[in-house]
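Please read through the structure below; I'll follow up with questions.
Chain nomenclature is as follows: A, B, C and D, assigned in order of appearance, with residue numbering initiated at 1 for each chain independently.
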Amino acid sequence: MGSIFCGHLSRLVPGAELAAVADPVPGLAERTAAEHGVAHAFVNYRDLLSMADLEAVIIATPASTHADVIEDAARAGRAIFCEKPLALSLEQCDRAIRAVEGAGIPFQIGHMRRFDAGYARARRLIEEGAIGEPVTFKAVGRDPMMPRLDYARPEVSGGLIVDMAIHDFDIGRWLMRSEVTRVFTEGGTLVFDELNTVGDFDNAVINLKFASGALGNVEVSRNALYGYDIRTEVLGSKGAVMIGRFRQTPVLLLTGEGVGYDVVPYITERFGDAYLAEVRHFVRMVQRLEEPGPSIYDGRAGTEIALAATRSYREGRPVTLPLAAAVARDAESTRTPQ
Amino acid sequence: MGSIFCGHLSRLVPGAELAAVADPVPGLAERTAAEHGVAHAFVNYRDLLSMADLEAVIIATPASTHADVIEDAARAGRAIFCEKPLALSLEQCDRAIRAVEGAGIPFQIGHMRRFDAGYARARRLIEEGAIGEPVTFKAVGRDPMMPRLDYARPEVSGGLIVDMAIHDFDIGRWLMRSEVTRVFTEGGTLVFDELNTVGDFDNAVINLKFASGALGNVEVSRNALYGYDIRTEVLGSKGAVMIGRFRQTPVLLLTGEGVGYDVVPYITERFGDAYLAEVRHFVRMVQRLEEPGPSIYDGRAGTEIALAATRSYREGRPVTLPLAAAVARDAESTRTPQ
Amino acid sequence: MGSIFCGHLSRLVPGAELAAVADPVPGLAERTAAEHGVAHAFVNYRDLLSMADLEAVIIATPASTHADVIEDAARAGRAIFCEKPLALSLEQCDRAIRAVEGAGIPFQIGHMRRFDAGYARARRLIEEGAIGEPVTFKAVGRDPMMPRLDYARPEVSGGLIVDMAIHDFDIGRWLMRSEVTRVFTEGGTLVFDELNTVGDFDNAVINLKFASGALGNVEVSRNALYGYDIRTEVLGSKGAVMIGRFRQTPVLLLTGEGVGYDVVPYITERFGDAYLAEVRHFVRMVQRLEEPGPSIYDGRAGTEIALAATRSYREGRPVTLPLAAAVARDAESTRTPQ
Amino acid sequence: MGSIFCGHLSRLVPGAELAAVADPVPGLAERTAAEHGVAHAFVNYRDLLSMADLEAVIIATPASTHADVIEDAARAGRAIFCEKPLALSLEQCDRAIRAVEGAGIPFQIGHMRRFDAGYARARRLIEEGAIGEPVTFKAVGRDPMMPRLDYARPEVSGGLIVDMAIHDFDIGRWLMRSEVTRVFTEGGTLVFDELNTVGDFDNAVINLKFASGALGNVEVSRNALYGYDIRTEVLGSKGAVMIGRFRQTPVLLLTGEGVGYDVVPYITERFGDAYLAEVRHFVRMVQRLEEPGPSIYDGRAGTEIALAATRSYREGRPVTLPLAAAVARDAESTRTPQ
């Protein structure tokens, strides 16, 4: 992700100038900087943060380090864009929130799906009342391959649900315009037994209850060997909206064996435009040309649902989210444009 | 349904001769008999059962009466086709099973989706290993309208889940080739408040756990105001199969407002061929030309899951199914061709 | 086709009683009659025509015999349904027309596509002005296999264009509500060289000019080895309508090889309902319960275009249709409901 | 187009440095140069051509000026990328060819569809034999609006067929791997009467005959008011390949009115990636890192077919192309990768 953001910032984001790159792997920051024509490269991100004239940073480090890096960047007064998930525990999330609130800096969480043309159009249709009141939220999020084992371990990526379903939880809150109050997860390691060795699993279906009374179900899987398959639908009182496709090129091959087409291979093919759009939005937000996008509270809310859904899987019971305060505070965030 | 079966039996089912019709509503049996050129009409179905030379009966009475009628028909030694659901309680199911087992008569439950060309092809593909091991079962079953209130009441139709999701539970057992061992339901009355007055509700999402370890989720809704929407998919270890469509005619209209097509209005448009095929199968099974189709044990299994899922909704907790015996006994039924 | 009509008439057409079957092949009429429970079977169709109490006949003989059989049936005063094409020459067409006009009997030509739900809906949309004024008519008609050589010969079936494109010409006249005034054909024997031995060919693209000024192009092919592929579209001044599909079951299989689905194998799978609907319409028309459907003049018009398009292919030049009289006379037929 | 190319070259094409812009409209070159951070701006393109250190030029002037500008650029020894069509007459084409051949410079014509992922995949599938021998080429090219009248006039844009169908002719030659030898056009001004005032028209269907014996039909229209609709298919001896889509976002809206989706509005939404890819290819070709793409001979061939098809429309007769020499010379160009 860091490399993708470098590519975007160095060439495709009007108003942005990519000043420096930091990476703890020896030599990697230099290589990336050279590739993108960036003047400065650091091993220690704190050196980057102490540069003069630095307005904003993009954090694409492992999730377990997000809270620490956010604290440091906030202390340095830099606007922050942070990849999802915000953190791996609510304690970390709250620490990051305190730092950002204390510094009064702009912040955006990397929930890029809100910037996809399809999801954005769905949100507009729902806001316009095209499907009446949202009743049921459905999402499928399927990856085409097992992740590397060192990444899969819950203390690194958060595990299946934190790593993958957080996108669906965020889009669910955003499209349904309501907070999740209860989750129940069925899951298992059904294809990639190796995942058990690091404490992860490969498939889950997660029932959701929203504060509005609406329902939901999110499926995540690591074994869609046919390709990258992200589909979402919202059923409302007067209609429904479906978002997503898995078809890649608009080519049909018709032979005696039937009709066939190819499938989007992975996330950059499906959401490449959204990754660019979210960074453009962040830059314009820092320039005060655009309203804030998905907030640090959105980041916390997605993480909270994902942690509760993981707990539900572990404990075999529904888990209720302690939302009294959150609902009040986040009410606005699910209602802002992005 | 009774009228549809009459139409099929009187004209479209080779080898069948429709001998008589019974209906407790005064005059209705006569009218139906006249319409389809049937010689005999009765108010009391027991008079029909006592006819000489009667080989088989089709039961399309209210679900609450199924067990009683099955007992009487079994006692009379008639082969039985019974509409779904088998009954509204496990006690009734077991009473029906004892009667059928005691009489040693052929029996088929009206799970017509197994006879739909799409579902049948999906089952073949799965049996052939096209998607590897089944991992996750997903089903959407949406009706385009609220049912009549007198039908919606749980003591008549069984309520939302028994009435509608039973089709999905049966197809799930059949495609996944495994029994359901745990269910958890989120639901609510979100659109048609009147349903509350008779103790029914209009939307549910039901998580499933299968004996094989596989997962599932079934959504049922009464408010797909756009049409009748039945879709099913099975994700496997090597691929996936998706069954269903909601498009009616193969006509696209393209104007300045966008592209549009129409939607299947309701169940007879979508499953008309399957309703005919299941009766043809039943007749050939009675003639010993065909293996048995969905059995009385399939009928019980679907009812048991539906009752458990309804209880889960009422009690807000996962419900485990007491399947020790059932799994052993039904093992075969989920593995037979239909 | 005769056998299909027998099946429909003996069981599926309210108000019709199938009285007799005739077939010159020794024994075949008896066999067909037995199969469908018909009382009378003849070798010579004239014996059938002389039966008392016969109201109507369906002619499904080879096209080269249509005119003769129509003359005999008209003389006998029977209402006539005749399979397409009406005949293989305009002289034969006009002979048939004179006989039918002279006898004053009901007549319907077997242009079944007008009875397909998709084409019927397209016609309604166009009549309602949904696409503005029709501008361009496009049709693809592809068969999945080479016909038998004895059938392919032009003196039997009329050859590629008369045999296949006549459906598209009729639907073109019906949807565009205008007569064809000029045709130009490119064609060739590109796959099945054997067709050359009997004077037929396997592929053609036919440009059309309509009296209204509108344009058209019809493609016919015998080598769609992937299945039966019939698609039609009309572009109008305000939009377009597209009719057709080649997908068979609503099943998608998704694997590492891509996504695939199956294709409608042939005409009875695609147009089975339309074949039944056209016979039902004919019977109700004979009973004076329904307006006339596609007329003998429609049959002549389709044949005339097909013959002109075949001549264009042979001579490598555009062929203008002598339509002065035809346009006047047929004006109504392209504007009637079916 | 010039502005699009500036945007690409200034930011998105590795290895390219945009040195100067020229535009005869006073002030426009300066404005464009400022917008894209380009150092030099000229009113007279000859001043640009005389710059030192200039390696290549992109010509996006009106088609009527292409030949002159190519001659000047070739004389200056610059590699040339020229927008389609190559020119508006064969005399101009041949003048341009002589200049380019004489100077021995790299040249690429702007047939961007060859760089679209869908068309490129179709070409690979055909080369791999997936559909057997190509038999019939079909193309639909529909614009969503009438062009400005001053652009529509044949002496500026070449008129409907030269302006639009040239893309389809090029893709047809490329996918069929054969030259066009005969064309026949039906056309008319059916929607936008104003076009008659400048000698243009709005709809055409063009039959094609290829040297291989294969057939084709190309439809072009200016009145697809529903959106930009580009579809192509090739039927082969063993299957078919279809390329294209008109759907924009992957969003379905389902309501009581039916199901609807949106349509690609115009060319930059559909072919934006291809426009970028062709310029990247040109730059790499100049750097000798890539084989030549569509050549000046491809440019001439497309123009020749378009001029013949326009003549056919005017004269109401098939027009044969004098291809003896061209077939020999261009044989290779239809067989090279792009």
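Throughout what follows, a residue touches a chain if its C-beta (ideal position, glycine included) is under 8 Å from a C-beta of that chain, and two chains touch if they have at least 3 such contacts.
Here the structure is a predicted model, which means the values were calculated and not measured.
Common partners of chain A and chain D, by the touch rule above, are B, C. Taking the mean of C-alpha positions as each chain's centre, the chain lying farthest from the centre of chain A is C.
Taking each chain's centre as the average of its CA atoms, chain C and chain D sit 40 Å apart.
The distance from the centre of chain B to the centre of chain D, each centre being the mean of the chain's C-alpha atoms, comes to 57 Å.
The residues of chain B that reach two or more other chains are 224-226, 229, 238-240, 254-256, 262, listed in rising order. Taken together, the touching pairs cover every possible pairing of the chains.
Those residues of chain A that touch chain B in the shared complex are 133, 135-136, 138, 140, 142, 182, 184-188, 190-191, 203-209, 213-217, 219, 221, 223-226, 229, 235, 237-240, 316-318. Chain D contributes residues 11-12, 117-118, 121-122, 125, 130-131, 238-245, 248-256, 262 to its touches with chain A in the complex. Residue ranges on chain C touching chain A, taken from their complex, read 224-227, 229, 246-247, 254-263.
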